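Got some structures for you, see below.
Note that subunit A is present in both complexes that follow, paired respectively with subunit B and with subunit C.
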Partner chain A sequence: MPNSNVNIISVIESKLKDKVQIQPGQLGTAAIATTNGLHREVIQTLLDADEKTAITSITGLDLGANLGLLYHIRTSNAFVTIRAEVPRESPKIQTITDIMPGAVFHELEVADLFGIVFEGHPSPGHFVLSDNWPEGVYPLRKDVNPYDVKLNPSKDVITQPSDGKQVKIVLGPQHPALLEPEKFVVTVDGETVTRVDPRVGYVHRGIEKATESRTFLQDVYLVERICGICNSIHACSFVETVEKILKIEVPQRAKYLRVIALELNRLHSHLLTLGHAGLEIGYETLFQYFWRDREPIMDLIELTSGNRVYSSLMTVGGVRRDIKEEDIPKIKATLTDLRKKLPFYRQVYEDEPSLKMRMKNVGVLKREDAIKLSVVGPVARGSGYDIDVRKDEPYEAYGEIPFKEIVYTQGDTWARMNVRMDEVEESINIIEYAIDNLPPGPFRVKAPRVVPAGEAVNRVEAPRGELFYYVKSNGTAMPERVKVRTPTYANIPAFLKTAIGESIADVPSNFVSLDPCFSCTDR
Partner chain B sequence: MSKKTRIPPMLKRAVSHIFTKPVTTKYPFVKPTLPADFRGQQVFDINLCVSCGLCSRDCPAKAIEMVVIDGKRRPQFKLDSCIFCYQCAESCPRNAIKSSVFYELATTDKSSLVLKPQASVERRASPQ
Partner chain C sequence: MTNTVTWARVKSPWVLHFNSGACNGCDIEIVALLTPKYDVERFGVKLEPSPRHADVLLVTGAVTKQCEERLKRVYDQMPQPKFVVAIGACACSGGVFAGCYNVAGGVDKVIPVTAYIPGCPPRPEAIMDGVVKLLNALNPPKPKKQPKGEKKAEPLKNEAESEASKAETVPVPEVKPVVEEAKVVAKQ
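Up next is the complex of A and B:
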């Protein structure tokens, strides 16, 4: 029966001992090597053993004669990687979307970038690459040089006529309500949404491929630019992964300084979304007020890192600059100022009738659906699905800092926004605690530039949810493979689920409550 | 809703703002004060340079090109490619690259964004 305290490894050992090879301590809690077809059995075993089993990502690998697949599965107390291999000549593997619906987009991405065919996938086709991408060219395979790819001439898209009463409304790629390029074809019956077809990849930059031709040192700055808003967390996750391969322990002071940078990032990201939600529902006063109060936080980032947006603080082995003693009073004063403003915003979210009408009971995502679709971050926590990497698998100094995990159970847009509102306060507490308890000592250690052969996975809690990194090194100064799974990529299924059956007018407010970031999604 | 009519919190706040000073600054006329170690335009000191080329090798944006000046290799900064991460300053063994608080780099002439090593002690435009 589902039990959150079960030892996942012993369960797999007892059920599938003679069929799979368990490597404890590798790539998370354990790596499980399977032969073709058995990966489904392992996932089914995990699903039966723990109710919070969900998929984090699928990583494709080019191993030469074979193509590798890594299924990264999280349970309530473990993180398991399932290895599978398919021959390069006929890369076919059975889909897992029937037992784990959250894997739909992950499989589409691997299919696009590695050419692995997932047999039985419900909606095969291009998802990340453009429609005029040449057949048989899979960009993340090692034999493909992205500069040699010749795109096919693009064809006019023929929009199918709507059948009967159903009308198709195309939101995007350029749309006033969605600020970044992505497309959702929404089918409506009257005013009710009956179907949503997503399409991303309009600004896909191939950062995962680009990391392979740059040194680890340069990659820190490259992955930082995956997302402008949560840049610190991307850099932090990458350097943590590299530190795991290098087996370096970061000084205690660096851990606290990283936490301060990450929480400043979370603060301004959450304030941005809380304001942006006001803009989407036509409440521009709220938007202006939130963004006004976000500005002092940006100034703090500038003060501590030297730049307003890109902090460039993280480096392998620590942080690049220390916090100055004379800046601490200013940081504390700004945070106290922000804390004083929060009750007003809470009251607005509680009392304002127009906000309640646009947000309460809109886009309700039930807890079981949230787990089934493997959503992350505030979207999961707004539905009562209590996952927070900072608590589940503490990294940096989070294990030593007391803070609350915010969980709401309503599952609607209002709950998701209030998770963020409460997390703003928690972030302020964390920064204040970290500053008060900043340990003395060095803030970085010297790290070698050449990383020994090895691989590692890492999970961190970005403002939008669990951010996942996989890095494989082949013993040179450049990585062999870097895989990034950003939180928005995991959260899109939640929007597809909750938009159906609701009014077309609620699409923007529902969508913005995911805090979507397509710069992240299209790496 | 309670029977007693209450003034919505937002309306109260909005009205009270009529009597406060604006939070926006009159930017081109009033300049913000920046922290002293702000990562603005680089200041390169040619006298300290030992021509090792580490800055150029480590630059993630490939914005530094080593050019030969008076028979020695010196870094030439292309600020239009620069991402202002200051890895170059960190890699430099002689601290020849320093930061400045000069940030107003917008221009209609891209060639003015190339910092030639001989003239690089001068900023492109005066900060004041």
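Up next is the complex of A and C:
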């Protein structure tokens, strides 16, 4: 019987003691070094032991003669990294998608960027890189010079399904409903969706490679620009990972200031999505209302950090700016104003019949599917899958601040939007608590610019869900490898699953309830 | 007739937004422009989903290699005369992403750009200022009202480099000096 209080490490020890090497405390709860093919056995053991076992990410590494693979697996109370290696000449490894369907896109990404072949993968092909990418060039391998990459001429061919009954509808790359250029080929039979083929990668810039040629300090500002919406959380997660390698403790005041910045970010991101959802279901007034109320939050971000969008507040060792005493009343007044407006929005979601018709029972994701597909954030919490990194593995000051974890069980678009609505209120509470209990003292400690050799993983709760960072340093001022797994990347499978069997008209409302952010997804 | 067309265009420019590889920072600021606080619709600016009906193309983000062709195609679909505004540091030059393996560069590497609005991201006021200046440039004040010697036409920085620009008949000479001003104001 799956048990959430199980000690994962002792389970693996008892079952696979002679075959694998367990390194407690490394890369999460423990790192488990495996040899040929055993990674599947370890993952199967984890799946049997804990019902909430899900995959966070797969990291590829260039280790010279070998290529490394790190499978990052989360369970209800642990975070485990499984190491595997494959020879560079014939980089082949067995897929895990049959036992863990959530790993499909993670494997595609590693295959694209490192050229590792996953034997038995259900849909091999380009995913992050374009279809006309030159063959045999794997950009994240160390021997590839980014300036030398030249694309082949492209062929843009859409073939219609052969039976004549079904029709393919192409959404994107330039589409009014998508702010970002991505392509979704939706196959419909009458009005019912029968198949969705995602094609991401239009915003793929190669940021992971770019971090390797910049210093740690420059990288803080580069990773911040992975996403223009949840920028603070990217910078925060990166500096936390570097601080783990450096083994420096951030002053208490800095932790609280970071929490304030992160929650302001969450507020503006959730308000944006709640409004955007209104736009997608044809309720434009709601969109205008939410965005009107989002503007004061943008002003607060500007007030506390100096910038409207990119706060650039995080730095290794703390934050770059303190909060001014005279600004605190203004911050509190703005938050109180926003809190007063929330009952109106709640009422709209509860009572407005047209909104309920477009959102209730649309895109229902069951709890077991949510776990199987390893979804994160409000999408998971809307389906009763209670994961929130702020609660599960408190970082910064979240361990000391009281707040509720919002969970809805319906699993539809309406539940996902309501998770965000309730989180807006929780975020207001968190900021108010943090301001009232702001500890005195310094807000920054000096950190060395050269980071000693080492590696670390870090998870934080971005507005869209669990955000994962892996940083490896080789003892210089520049990182050897930075891996980012963004929440939307983990949530796309949920859309592919829930869209099938529903009406084509429900696609936008279902899709926007994931709060998709493709600049994050593609990096 | 020309006067009427210019009048109509200046009073009601329809803009198309294309994200060619942006981080969402500039895109969200463009959407914010349409919302109550900034409300560009009062200048007659309307966000138009189809390139075939648009007068102005707002491009955000460094152009990724995968988007390059699509951007060209969107530009080609727009009717003449058309104007391109590069919004944000990445669209102007590639920004922090210049030199990444999947980035082709700024927008002017692919299509001719009429106005540049730098910033990371530019504030909504800066975007508004840039677009309004572009519109004013289409309908310049009578020559006698202009102070002498101040406005000097010089070729756009990247016009010669861009292949596509050779085929264009965009009336740029009036626009150029104003673009320079837009840059200065937007930096503040």
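Basically, the second predicted complex is superposed on the first by the 518 of 523 C-alpha atoms of A that agree within 3 Å, B and C clash if a C-alpha of one lies under 4 Å from a C-alpha of the other, contacts with A are read in each partner's own complex, and residues count from 1 in each chain.
As a convention for this text, a residue touches a chain if its C-beta (ideal position, glycine included) is under 8 Å from a C-beta of that chain, and two chains touch if they have at least 3 such contacts.
The structure displayed is predicted, hence computed values, not measured ones.
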Contacts for A:D98 in the overlay, against subunit B (first) and subunit C (second): which applies, first, second, both or neither?
neither
Touched subunit A residues, subunit B compared with subunit C
C
Report for A:Y221: first if it touches subunit B alone, second if subunit C alone, otherwise both or neither.
both
For A:D337 in the superposed arrangement: first (subunit B), second (subunit C), both or neither?
neither
Partner chain(s) touched by A:W291 [first = subunit B, second = subunit C, both, neither]
second
Which holds for A:D351: it touches subunit B only (first), subunit C only (second), both, or neither?
first
Counting only touches as set out at the top, which of subunit B and subunit C does A:S519 meet: first, second, both, neither?
second
Applying the document's definition of touch, where does A:Y202 land relative to subunit B and subunit C: first, second, both, or neither?
second
Subunit B versus subunit C as contact partner of A:L303, first or second or both or neither
first
Based on the superposed arrangement, let me know which partner A:E191 touches: subunit B (first), subunit C (second), both, or neither?
neither
Doubly contacted residues of subunit A, that is, touched by subunit B and again by subunit C:
221-222, 225, 292, 295, 310
In their shared complex, subunit A is touched by residues of subunit C numbered 17-29, 31-32, 35-37, 49-51, 61-62, 64-67, 69-70, 74, 95-97, 99-103, 120-121, 123
Residues of subunit B touching subunit A in their complex?
1, 8-10, 13-14, 23, 34-35, 37-39, 58-61, 83-87, 90, 99
Can you list the residues on subunit A that touch subunit B in the complex?
214-215, 217-222, 225, 285-286, 289, 292, 295, 302-303, 306-307, 310, 312, 320-321, 327, 344, 347-348, 351-353
What does subunit A use to touch subunit C in their complex?
129-130, 139, 144, 146-147, 149, 151, 154, 156, 173-176, 179-181, 201-207, 209-210, 221-222, 225-229, 231, 272, 287-288, 291-292, 294-295, 298, 308-310, 517, 519
